[in-house]
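Two complexes, one shared chain (chain A), two partners (chain B, chain C).
And then the complex of A and B:
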């Protein structure tokens, strides 16, 4: 939008009053001297830019700076170790497992949460009794804060806690496990809690996407003899594509940065079986006071997220934003 | 009262990264107020709830009325937040004047900032009253903090459950303890509760075995050198391994928090779901909030960590620590004077009576302890040859936390006795 107006103006000025219909006649081309435009830009962008530079770019730069030091946060910054912190992080099996755990969560989100989200969103998009209430219920966990969610589930999943009792009461006693204490299971428990917490967000997002799809398209398909499933599969879901791609993006970034729930429920344990990159970073940085090393881990985490975001923008989101954001950037 | 609750939970990745980055952004150069003029001491302590919160406020008010020129800005801060707030504050130019201090290697690490006030000369006239424990707040031979209470770790046990299992007396040796575990199991009672999720409760076990296996001189020397190479440390790990083989803990102990909710290790003992727990004297203050049975205190008893037959260490040595305060260089002489006031017998009595401290640092206030079980704990603390500071506190923070993690992994069945002892060398990045 911002870009189109000056484009039209620039075109209009040399051609003069339009003959034909294409460009709207510009009777009084307003002169906007370059200095004034720059001043406007500066004025309008300055507040946002200051915040962005001060609270986003500068901390990243400082983290990069710290990451080449060995530093406990108290003494002077004088022990330069170069890339040793990065080498140590990338060769630490605990951190390698942490990356793996993040990827497992990301993959599971994709194959478990996405189909459920789409299914529930399609259902909740139909006219039915109690739809508003159901939508509210589905969305409720997302409103609860991470800390509350984690403490809640920590108590529910204790041995002999609510989950175990319910399983026993319905005759599934053999299904009772040590949800948080079993190293082989704890990551999947974390995933279940994360799913409970965030799936409502995905559903609401997809519902919004569904409401942007004109009903006529589906009607037309049905009139042409498509079955309900075919209409969904070949009309609705493709048109939901942009929303799904945005959800995948948010979900992947969220999975890579997963922290609060894991930190509160297990602190990454037992025996680092549920450590994520972010819990590892906080553990090394703030628990061990290895701030240089922690910064290096933070930079690695940032790099992973950044590269993913760039690639995803380039290859997946591009088609959705093409023409709006990417014009002239080819 | 160091409840040693789990570390801060609110930080997100971004916040953490930003904090990491912002830690040293601010320039130094604090301004110290003029001597003699009115001053305001900013005071960070960890009693965010009553009874501690109002007890400390009363003490600040009383000191202010006796010294009208000294006012306080009291800022209670969550215990877990100190680990993040203190380094940030000490790097900045506006640290608090007085703040919570647990001594040991963490204190020595903080001294590196150059922002801690050397209290050696200001305290030398009276610090002796607090006994040898006050040495825990020294670094490089200088006094950088003053304790207001001491802690010791031991077994809190349920007299009723012990009786039910046919156990008549407290175990004197580790073999007695193993026998008691077997008896409790036979009676279908979870013998020992532990909050392994928090790691540090695991470390108490390993450290006590070390104290029983290693002479005091070896422990002191090895901790100072950050290298636990003596064979006795590995031997302690083997003792622990033998004990773990009896499977003494509650079901799912690896995921159990120490102090959070009725399902925590403290809650299990308070509610009679487990027979004993190796924890600090502060458990008496943690349990009331978790217990459904309000008379639980009558059913609790205490005994020290048993001896290890054949061990080369002090069979009576205690493991513990304490809470205290440090002054920063920003503060005036009013700060050490205030710490002297806090350490005085009358204020110490107030703290104990208000339950803001369990075992006072100044023994002159011991008579204020009324609970019979706590009197047992106090008697032991006074009897022990030496009370070793928790290793994670005695070591520099990074080495101490690396040790805690290795012990916790050992409880989860990973690593070896040798690997646990070696883990201390990992820290220091």
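And then the complex of A and C:
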């Protein structure tokens, strides 16, 4: 897929301004507006396309190119190894575990964050005092940077730190663990921190979706004798479908690319127990100067996201023809 | 946003209502306590914190905050972050609006292909592209340059900008454009003088989103900058944490101060962010 995208582009750029629809008949007064129109289109589209191609698509091409070399980033680029980097990455147990960790986070998001977000959004979608304040507060962690979130939780979860102390104070001292140093636990700690940071986003998104559902539909169901739960289960939640599917999409892509929080809190440790694909990529590519190998890992990561997105698009998002994310990708 | 619901007769508190309040309180506590811990912890000494992590400051200590506010490095980080975020936001919004205008109000062959190309960008957040981007920027000799961070950030903000702006610009009635043309305005004149002002709310939304994203970006600046003088705030926070790992109080103060700009901006722009999110959901 990576090689084909620039092709699409190469085709698309000239077709924009140059080809137009059928060339207009060569009558003098009609020609000038058409030329002008093409110039306008060029002027409007070229800057954005240049920036986009230069910094979004080109790096992908660069990664594909470097990925067939063994290269430490400094000497000449002459050691072609073909697909060896890809084979090495896919057979490295550390990378396999990294993929597994990403999938665990993705799965946990689905089964933990989604039901909580829906439940909370349903509860908050009623007239209550302080709802505006609540919205503001719940959303706050989303704007706090990942770096701040990571440092904040690093300090709070220190052995003998705030969390441990609170647990002891309320008589749950036996729950105290080495949150970040226990290799069986660290991934779940990461998930908890990620949840703290992003769940507000999900709640707000779902609340916005709920507010787009006309109240009459639910009221009609209630009039027809449905219980409150039935109305929620069979009317409200299905109508929330498009929003839920967008949330799932964003959450999955986010889980696959988890980096900042893990990198700052544990660098993937202890003993690779919290390594994700992205931390693996930066560790190999940047810390150990294996740029060819790191590029191959980057391409694999791209490919996984891309395949997921296409499949998800094909089987889930397709129905939401009005969804903004879906329109272009159909 | 909320349609004015018909006033309901007052009823005694139902269990569901009680549950709403209970959930609300739990959410607020879980969200606010960690943030407060950081802010209040900055007013204590590390010795106080080590002795009892949950206690309030006794006495309140200002020296941590004072040391950071008076250090030039902190302001340097703020300045670097602000410069990069302003450049990235300006570029993303200006170029994105131009492209969205072309993609929404011109009919030309290949239009949907161009749009599709931009939407593909939604799948690749900046973080994952950082390593190849670093190689590209190094090739160009742009390392240590703030624009080497701002330009890619703008490029990665373009997809969302265009996806939000295009339906918005499309919805402006064609009659308005015809009227403008009849009055002798060119198409570009219509764009600048009529469509852009009409798109004000959507432009504000995409600007806020691009700004917050840039302000929080960690990985790309981490790769591009090695000189502390060039660090952005997220890099500064992470770096400070490693540097003073024994001095919890100072890290807490530094972290608290570095949250302030984002939170202040958020309180001011909350409507825009939330509005933009729901807007992008509904298309």
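The rule we apply is simple: the second predicted complex is superposed on the first by the 277 of 330 C-alpha atoms of A that agree within 3 Å, B and C clash if a C-alpha of one lies under 4 Å from a C-alpha of the other, contacts with A are read in each partner's own complex, and residues count from 1 in each chain.
The rule we apply is simple: a residue touches a chain if its C-beta (ideal position, glycine included) is under 8 Å from a C-beta of that chain, and two chains touch if they have at least 3 such contacts.
Just so you know, these numbers come straight off a predicted model, no measurement behind them.
Of the two partner chains placed by the overlay, neither chain B nor chain C lies in contact with A:83. Residue contacts after overlaying the shared chain place A:166 against chain C, while chain B stays out of touching range. By the document's definition of touching, of the two partners only chain C reaches A:139; chain B does not. Once chain A of one complex is fitted onto chain A of the other, the partner contacts of A:209 are limited to chain C, with no touch recorded for chain B. By the touch criterion stated above, A:234 is placed in contact with neither chain B nor chain C.
Of the two partner chains placed around the shared chain by superposition, neither chain B nor chain C is touched by A:175.
The partner of chain A that touches more of its residues, comparing chain B with chain C, is C.
Contact with both chain B and chain C is seen for A:298 once the two complexes are overlaid on the shared chain.
Look at A:270: by the touch rule set out above, it reaches chain B but stays clear of chain C.
Of the two partner chains, chain C is the only one touched by A:128; chain B is not. Residue overlap on chain A between its contacts with chain B in one complex and with chain C in the other: 55, 58-60, 62-63, 66, 73, 147, 150-151, 154-155, 158, 160-161, 257, 259-260, 263-264, 278, 281-282, 285-286, 291, 294-295, 298, 301-302. If you check the complex, the residues on chain B that touch chain A are 6-14, 16-25, 83-84, 87, 90-91, 109-113, 196-199, 250-257, 260-261, 263, 396-398, 401-402, 405, 408-409, 411-414, 427-429.
Every residue of chain C that touches chain A in the complex is listed here, in rising order: 1-3, 5, 16-17, 19-21, 23-24, 27-28, 30-32, 34-35, 37-38, 41, 50, 52-54, 91, 95-96, 98-99, 101-103, 106-125, 127-136, 138, 151-152, 154-156, 158-159, 162-164, 167, 187-188, 212, 215-216, 218-219, 223, 233-235, 237-238, 241, 248, 251-252, 255, 258-259, 262-263, 265-267, 270, 273-274, 277-278, 280-283. Across the interface of their complex, chain C is touched by residues 5, 8-9, 11-13, 15-17, 19-21, 37, 40-41, 43-45, 47-49, 51-52, 54-56, 58-60, 62-63, 66, 73, 119-120, 123-124, 126-128, 130, 134-141, 143-148, 150-156, 158, 160-162, 164-166, 169, 196, 200-201, 204-205, 208-209, 211-212, 215, 228, 242-243, 246, 253, 257, 259-260, 263-264, 278, 281-282, 285-286, 291, 294-295, 298, 301-302, 305-306, 309, 322-325, 327-329 of chain A. Considering their complex, residues 55, 58-63, 66, 70, 72-75, 77, 85, 88, 147, 150-151, 154-155, 157-161, 178-183, 186, 257, 259-260, 263-264, 266-267, 269-273, 278, 281-295, 298, 301-302 of chain A touch chain B.
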